[in-house]
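Below is one structure, written out as structure tokens; comments come after it.
The chains carry the letters A, B, C and D, assigned in the order they are written, with residues numbered from 1 in each.
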Amino acid sequence: GLKEDPKKYTKMKERLVGVSEETTTGVKRLYQMQANGTLLFPAINVNDSVTKSKFDNLYGCRHSLPDGLMRATDVMIAGKVGVVCGYGDVGKGCAFALKQAGARVIVTEIDPICALQALMEGFQVLTLEDVVSEGDIFVTTTGNKDIIMVDHMRKMKNNAIVCNIGHFDNEIDMQGLETYPGVKRITIKPQTDRWVFPETKSGIIVLAEGRLMNLGCATGHPSFVMSCSFTNQVIAQLELWKERTSGKYEKKVYVLPKHLDEKVAALHLGKLGAKLTKLTKDQSDYISIPVEGPYKPPHYRY
Amino acid sequence: GLKEDPKKYTKMKERLVGVSEETTTGVKRLYQMQANGTLLFPAINVNDSVTKSKFDNLYGCRHSLPDGLMRATDVMIAGKVGVVCGYGDVGKGCAFALKQAGARVIVTEIDPICALQALMEGFQVLTLEDVVSEGDIFVTTTGNKDIIMVDHMRKMKNNAIVCNIGHFDNEIDMQGLETYPGVKRITIKPQTDRWVFPETKSGIIVLAEGRLMNLGCATGHPSFVMSCSFTNQVIAQLELWKERTSGKYEKKVYVLPKHLDEKVAALHLGKLGAKLTKLTKDQSDYISIPVEGPYKPPHYRY
Amino acid sequence: GLKEDPKKYTKMKERLVGVSEETTTGVKRLYQMQANGTLLFPAINVNDSVTKSKFDNLYGCRHSLPDGLMRATDVMIAGKVGVVCGYGDVGKGCAFALKQAGARVIVTEIDPICALQALMEGFQVLTLEDVVSEGDIFVTTTGNKDIIMVDHMRKMKNNAIVCNIGHFDNEIDMQGLETYPGVKRITIKPQTDRWVFPETKSGIIVLAEGRLMNLGCATGHPSFVMSCSFTNQVIAQLELWKERTSGKYEKKVYVLPKHLDEKVAALHLGKLGAKLTKLTKDQSDYISIPVEGPYKPPHYRY
Amino acid sequence: GLKEDPKKYTKMKERLVGVSEETTTGVKRLYQMQANGTLLFPAINVNDSVTKSKFDNLYGCRHSLPDGLMRATDVMIAGKVGVVCGYGDVGKGCAFALKQAGARVIVTEIDPICALQALMEGFQVLTLEDVVSEGDIFVTTTGNKDIIMVDHMRKMKNNAIVCNIGHFDNEIDMQGLETYPGVKRITIKPQTDRWVFPETKSGIIVLAEGRLMNLGCATGHPSFVMSCSFTNQVIAQLELWKERTSGKYEKKVYVLPKHLDEKVAALHLGKLGAKLTKLTKDQSDYISIPVEGPYKPPHYRY
């Protein structure tokens, strides 16, 4: 630690060519350091690669939300009312997972664009207050705090399931729940607690103590989609190493160049038996896109 | 015209505050003019608003592809093999439309990221050559040329349907088809032709002469989604007018600011009975996003 | 007619080997005649073949409901609230069609088993009274009368669409609508009328004058699924002719034997590129099912 | 046992009013005893209640197949090729579960009607031989034996998953696998074995030793759907007891009367927030169906 060697990180920095980072929080810190002029080496933000944000978040959660629900509670999802708070990439994955398992899904959103996307897929968009007594399964996916408060939980159906697959464990008001006067916690099994309110004798099931339920109650995302995320990391590291003396990367935060993002995807196609079409020279000229890519402009949304 | 008044556009320019443009082609021209220094007024690109590109293209085509197919051919989509060339926004809409009507869908792609997205939704990704004799319905959505050539068409099943919902009428090699020695065109009804090859006596059905089939064979996108596109136009015009003397907009191409893009969505929520959640001040501070939006960073992909 | 020749049908009967019938109504009459002893020849009920009831009704309507809606109104189905009255085979087809086009679907039912099936697929089950002011598209599929009454229609949203794909044109209370004091009918185009109520000046859109909207506004079911229905007819006729002297069929109503029902399906597999697995003799013995079928007991529900 | 008291069952029979049975095998035995004249008491077959066969088998497996796959292997289902052998109720549930999780699904069938149903939902229908080297996840659902033989398994991809959710543990040729010369079994964890073939060094993952994978690797069907099955049992027992002296039930096998089948469903609607519509007297007369049901004829297929 720093105690034994106060210059540990300064010395480490000497030999450090650069870093790559894939979490939203970590990336936020790096951009702050860049803004403050305290970033001591180049950094590659792989969190915002398409093959990270649109894969891990979306397809990963579509898989691991039902996985966590089933392992923790064995509840039948079909026929139930699922309430998904937030319809970003994680929320989209969760809403589809519940819908496709046969639930009726209601979405809450602050962003009108995401709300309109939810509607176009047949999801009802309401506020949590509107549906608090109707939902059977509540999932927070927002990345914000104070989404489901203890006052909401008190009004829920007996044995409503409350869980978080967003980011921080304060999406669900665990503190409010734990300190609610007279509330009783019954641990059904590790990571699965029933909390009973004194007035109603009615209880809710909270998964993973409000922390990420796919990690607490299941095994997280499956390896195939994590392979996309980690390939981004590896490619970023290789890129930093290759360019370590070229001066290509300054002490700034970069996103992975799109041709490398595309390479991550390309490396995963073979496993799934896919065959890509090749652009001809003539077609390439016609749309002003190189034969070997990148195939999309930077702002393309996929 | 210019003949009567050679200074027509120069005079018009004097009174012109700015333009807004929503087509990919039109926007391309504007960026070229900006690059050449020949852009004489501010321009707003509404083609790249989220409420345009991710709505009109995706949800519009999901609606109007089956509409065009049904009106033109009355073919049962369920049980058929659909081949969708391209898996951008238009291709995504088409692939889902066919899948949800009960078809088995195969996608062709040049872009490995889009290809991996297709796979994650259960679509097979192959080349056109692999599936040319297996498909029942072929749809081009690429925005490129020379996608389905006459040599492909010759090898298709009898009465395979070939159509384009992409952009240009050269996605399908109509010229090659029309000039194929001995080919015979039988007009079944306007916009629906059967082309019979002399060697096989077998024929394919080409919709809308290779032009946009949802316009040629149906009535285009439905009004609700076009309302999103046109609201972008109106808001852009209002913005240009409001800022006509402020100097906010120079003789450049701008995209609509995100808060206006969000406004377009917000204006469409009421019709669908949606209720938005409001960010609290506390939540707003926590995630550093203004209470009134915009809610996402510019690079967010939705 | 009978006037010219009062013995027309008696004479016809002499040469008549038998009949086959595929409509619910026609079949009902035949069973009544059998009960009354007035059935003069053998009859085959093909309405209750699996390849009729579970194909034509279900997959046919899944295709032709959106087809009719699009041709009549060009309405965007995505984002809308669809109310499907009845969740039999026709209702199932309609509910899925709307859901898959992006609508939120609410089902009304009298039968608790069908209601529970709807719930297991994520549809909300309520009464028409509960949702009359919430729905955008109302579809009757019940085969019963008096489903949507004028009093319901008065309370609907402006421009709500009301249509019938069930059986009789009295599923929607057209008489009540037509005779409602002060109501005004505006024909938008043939088979598409707007009816405006005097109190509210608000109007609803009624398709095909309350008759079958897929026939009135579109072209009915697509030929592939009708081929299943008509193959049943042809096979029934061939069977009656083959057995015309054998005494196999008495003056009763028969359903098509299951091996012929299976033959109808088998005849349609090739077109869709399917390959069947063959039962081995050993497997056949093990489950006591003949190698060549029929493969299911009579009560099997598919 | 019988050793201590050879008349145990004869004495038991004296006090036995009747039995109810919900498994396919058990029901088969009862019908054999009835045919042989050895059935000593009335029996109610609840296996063929709609609320059993169309719920437990279909919706239960749709839930518990992915549950078992995830718990046993953590495999990402999206993007994979699933091969479902058999498309009865269990097969339908499995095929939909895999499709909705993002897999591409291929079905094998012997019955042309079920095969055509699979095609209408967009599944490809081929033989196991056609797809043995293409599949990632193989599931048997047939209730027959010798479906996946060791010779198939030898040709599969490395780490292909092979499992059974049908009935008997001989759907997969476990004996052939176990006795294959030089095969090596590596137990990854209980109920999850990798079997490596000597020639290829390539291995497959077999779940639950070929027995029911949803029981071996997960916790079986969720309680809500089993409640439907067990309510059938309870209602059958109550019915037998109520009619114990009335002579209504002879020493035969009966299915539960449809009004009781409907009652099972009705008892489960409240939990899911559903509201049934009531038939009016007038409507009841019109379609000749009692106001209080049963609402469908015995042969209705749901």
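The rule we apply is simple: contacts are C-beta pairs under 8 Å (C-beta built on N, C-alpha and C of every residue); 3 or more make two chains touch, one makes a residue touch a chain.
Values in this document were obtained by computation on a predicted structure and should not be read as measured data.
Each step here moves to a touching chain, and the least such steps from chain A to chain C number 1. In this assembly, D is the chain whose CA centroid lies farthest from the centroid of chain B. With centres set at the average Cα position, the gap from chain A to chain D is 36 Å.
Averaged C-alpha coordinates give centres for chain C and chain D that are 29 Å from one another. Contacts with at least two other chains are made by residues 59, 78-79, 102, 116, 119-120, 124, 272-273 of chain A. Taken in their complex, chain B has these residues touching chain A: 48, 50-51, 53-55, 59, 89, 108-117, 119-120, 124-128, 130, 143-146, 228, 261-263, 265-266, 268-269, 272-280, 282-283, 286-287, 293, 295-296, 298-299, 301-302.
For chain B in complex with chain C, the touching residues are 59, 62-63, 66-67, 70-71, 74-81, 100-102, 134, 218-219, 221-225, 272-273.
On the side of chain B, the complex with chain D involves touching residues 78-79, 99, 102-105, 116, 119-124.
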